[in-house]
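Shared between the two complexes below is subunit A, which has subunit B as its partner in the first and subunit C in the second.
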Partner chain A sequence: MSIDLKLDKAGDAVTLSVNGDIDMSSSTKMRDALAPLFHTDNKVVVVDLSGVSYIDSSGIATLVEGLQWSHNSKNKFRLAALTPGVKDVFEIARLLTVFEVFETKELALAP
Partner chain B sequence: MIRVNNLKKSFGEGDKRIIVLEDFNSHMERGQITSIIGGSGSGKSTVLKHLIGAYRPDSGEIWIDGEEVTQLRGAAINNVRKKFGIMFQSGALFNSLTVEDNVALPMREHTNLNESTILIMVKMKLEMVGLRGAEHLKPAQLSGGMVKRIALARAIALDPKIVFYDEPSAGLDPISIGVIDKLIIDLSKKMGITSVVVTHEIPSAMRISDKIIMLFKGKIIAEGTPDEIRNSDDPRVTQFIEGSPDGPIPFSKSLTDYGEELKEMSRV
Partner chain C sequence: MSQPIKLSIPSDPKYLGLIRKVLQELLDSSDVPDDTARRLILCVDEACANVIKHSYEGSCDEPIEATFTIAGDDFKVQIRDYGKQCDLSQIKPRDLEDIKPGGLGTHFINEIMDDVSYCTNRTKGTLLTMIKKIKTGLTSTQNKG
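Let's turn to the complex of A and B:
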């Protein structure tokens, strides 16, 4: 599986939009794109998951790494627009409440 | 997801030949839980061993995710095996490795994931089976129920499409059985995992299954929803699900008459 990634910088926020299925073969690509975003220029890092219908545990673990990086760098880390299938995986992993989750990318970017 | 056509298996040759599986047919659908029940020697473990590629049938086909697997060898069968996880009855954990390393093993062997990602995944799997915090224990330090739960965590390490469970509840206390049952249901219904459960824990099979197949002497004698099995008027099914010692399924597996055999002994 492959994923398409798109970065949008707006002010002091950056959004990583992911399209495609996130699995063991594609999650490293998302990790490589996400890791450099946690620096002082980006007060808010948003991952837009509206284009993701499937995520496996390696994808969730990569987002947990994002949470760890944001904790260390003091950036805000937010997830936006989880599709029902993705939400189920977060639920079964008991991680829905660990993240800041927003209905839309716009809400996630709001101050 | 899994289709089995006319599977047949026998052991031995000539007059010692025993048919252990005869005309086994089934369709296990995506996200559904199929339990295979039956007494010891009924053929249910033989079915499982065929499904995981450990046995080759005498005849018949097994289709997994669109691929006929009975004739596959080497790398080809290993590629199919990556699609499924197996929870072995004994746990089959490596005693020299910690829980963390046991669960991480398939991830380290079969993926290029970063080690920090793997360690988070291990923690997630352990949380799912209720054993987060046991990372640094060795299998010898675990109870039987804990070993099963770690075995399940390892079976789902690579997020397989299919999980085969070999007696997942045997030897567990009722709460642990409930935990495993819920986990099997959650994995199937929320993640679309196809589950095949070999068990003789009837209450558990009734709770979790979309479909139950009952085997007797290598043949399917009943197939249906838990309610259909519960209401079966086949006396063999009724005896098995009620756990009755008397009925058409004999306790003794001996094929010869007991009295005759004792009398024959005097001639030796």
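Let's turn to the complex of A and C:
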């Protein structure tokens, strides 16, 4: 099971759009795409999860890493458009309030 | 459906999607509500991922056997591996107050399932048994009737 990733840079914000299931076999690919975004001058890093219907603990762990990278680099890190299945996993992990979560990518990109 | 459904996959993460799909079909055919099905699938995926990581230590060509049974309101899944036996004292969910990557799989399993047991009383490997009380569309209809 693979995921498709797309990067969109707009001004000082960058969006990583993910499509597919994020599991043990694909979370490394997302991590590899996400990690370098915190080493540039991106002020806001958004992960658009509208195309993700399934995420497991390895995917959640990658996003927690993103949160830690953003704290170190002072970038904003935002999640957008969580599907019901993904939101449920965040809720079970009790992590929904730890992240900045937005209904849509556009809202996440708003200043 | 009281006859068990058995599926064996190699311990390669690329087959986790396959086991999720099979289980989704099975739960759909038993009229298990979507939100319940999603959570059961998460537990099975996490259990298999733990086998790959800890029992087989990343080796991709070892067997993982899953047996699914839906009998009445009970969903039972057994995950059998033949790798390194798990140290039962080491299986514990992490403290959720401590925000860090990793260690959530066991929390998901314990949070979602009603009964979880690990049997290492065998020559090789571990048998994990997870049971969840479910309310299927089918049993709801039967109860009403």
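A few points about this structure:
Going forward, the second predicted complex is superposed on the first by the 110 of 111 C-alpha atoms of A that agree within 3 Å, B and C clash if a C-alpha of one lies under 4 Å from a C-alpha of the other, contacts with A are read in each partner's own complex, and residues count from 1 in each chain.
Just so it is clear, a residue touches a chain if its C-beta (ideal position, glycine included) is under 8 Å from a C-beta of that chain, and two chains touch if they have at least 3 such contacts.
In this text, all values refer to a predicted model and were calculated from it rather than measured experimentally.
After superposition onto subunit A, partners subunit B and subunit C are found to clash with each other. When both complexes are overlaid on chain A, the residue A:65 reaches subunit B and subunit C alike. Contacts of A:33 after superposition: neither subunit B nor subunit C is touched. In the superposition on chain A, A:5 contacts neither subunit B nor subunit C. With both structures placed on the common chain, the touch criterion links A:96 to neither subunit B nor subunit C.
In the superposed model, A:23 lies in contact with both subunit B and subunit C. Ranked by how many residues of subunit A each touches, subunit B and subunit C are led by C.
Once chain A of one complex is fitted onto chain A of the other, the partner contacts of A:56 extend to both subunit B and subunit C. In the overlay built on chain A, none of the stretches 8-16, 62-70, 242-250 or 260-268 of subunit B clash with subunit C except 62-70.
23-24, 56-58, 60-62, 64-65, 88-89, 92-95 are the residues of subunit A that lie in the contact sets of both subunit B and subunit C, per the superposition on chain A. For subunit A in complex with subunit B, the residues that touch the partner chain are 23-24, 27-28, 31, 56-58, 60-62, 64-65, 88-89, 91-95. Here subunit A touches subunit C in the complex through residues 1, 21, 23-25, 54, 56-58, 60-62, 64-65, 67-68, 84-85, 88-89, 92-95, 98, going by the rule given at the top. Touching subunit A in their complex are the following residues of subunit B: 111-114, 116-118, 120-121, 124-125, 127-128, 158-159, 186-187, 190-191.
On the subunit C side of its complex with subunit A, the touching residues are 12-14, 16-17, 20, 35, 38-39, 41-42, 45-46, 49, 52-53, 96, 99-105, 107-108, 111-112.
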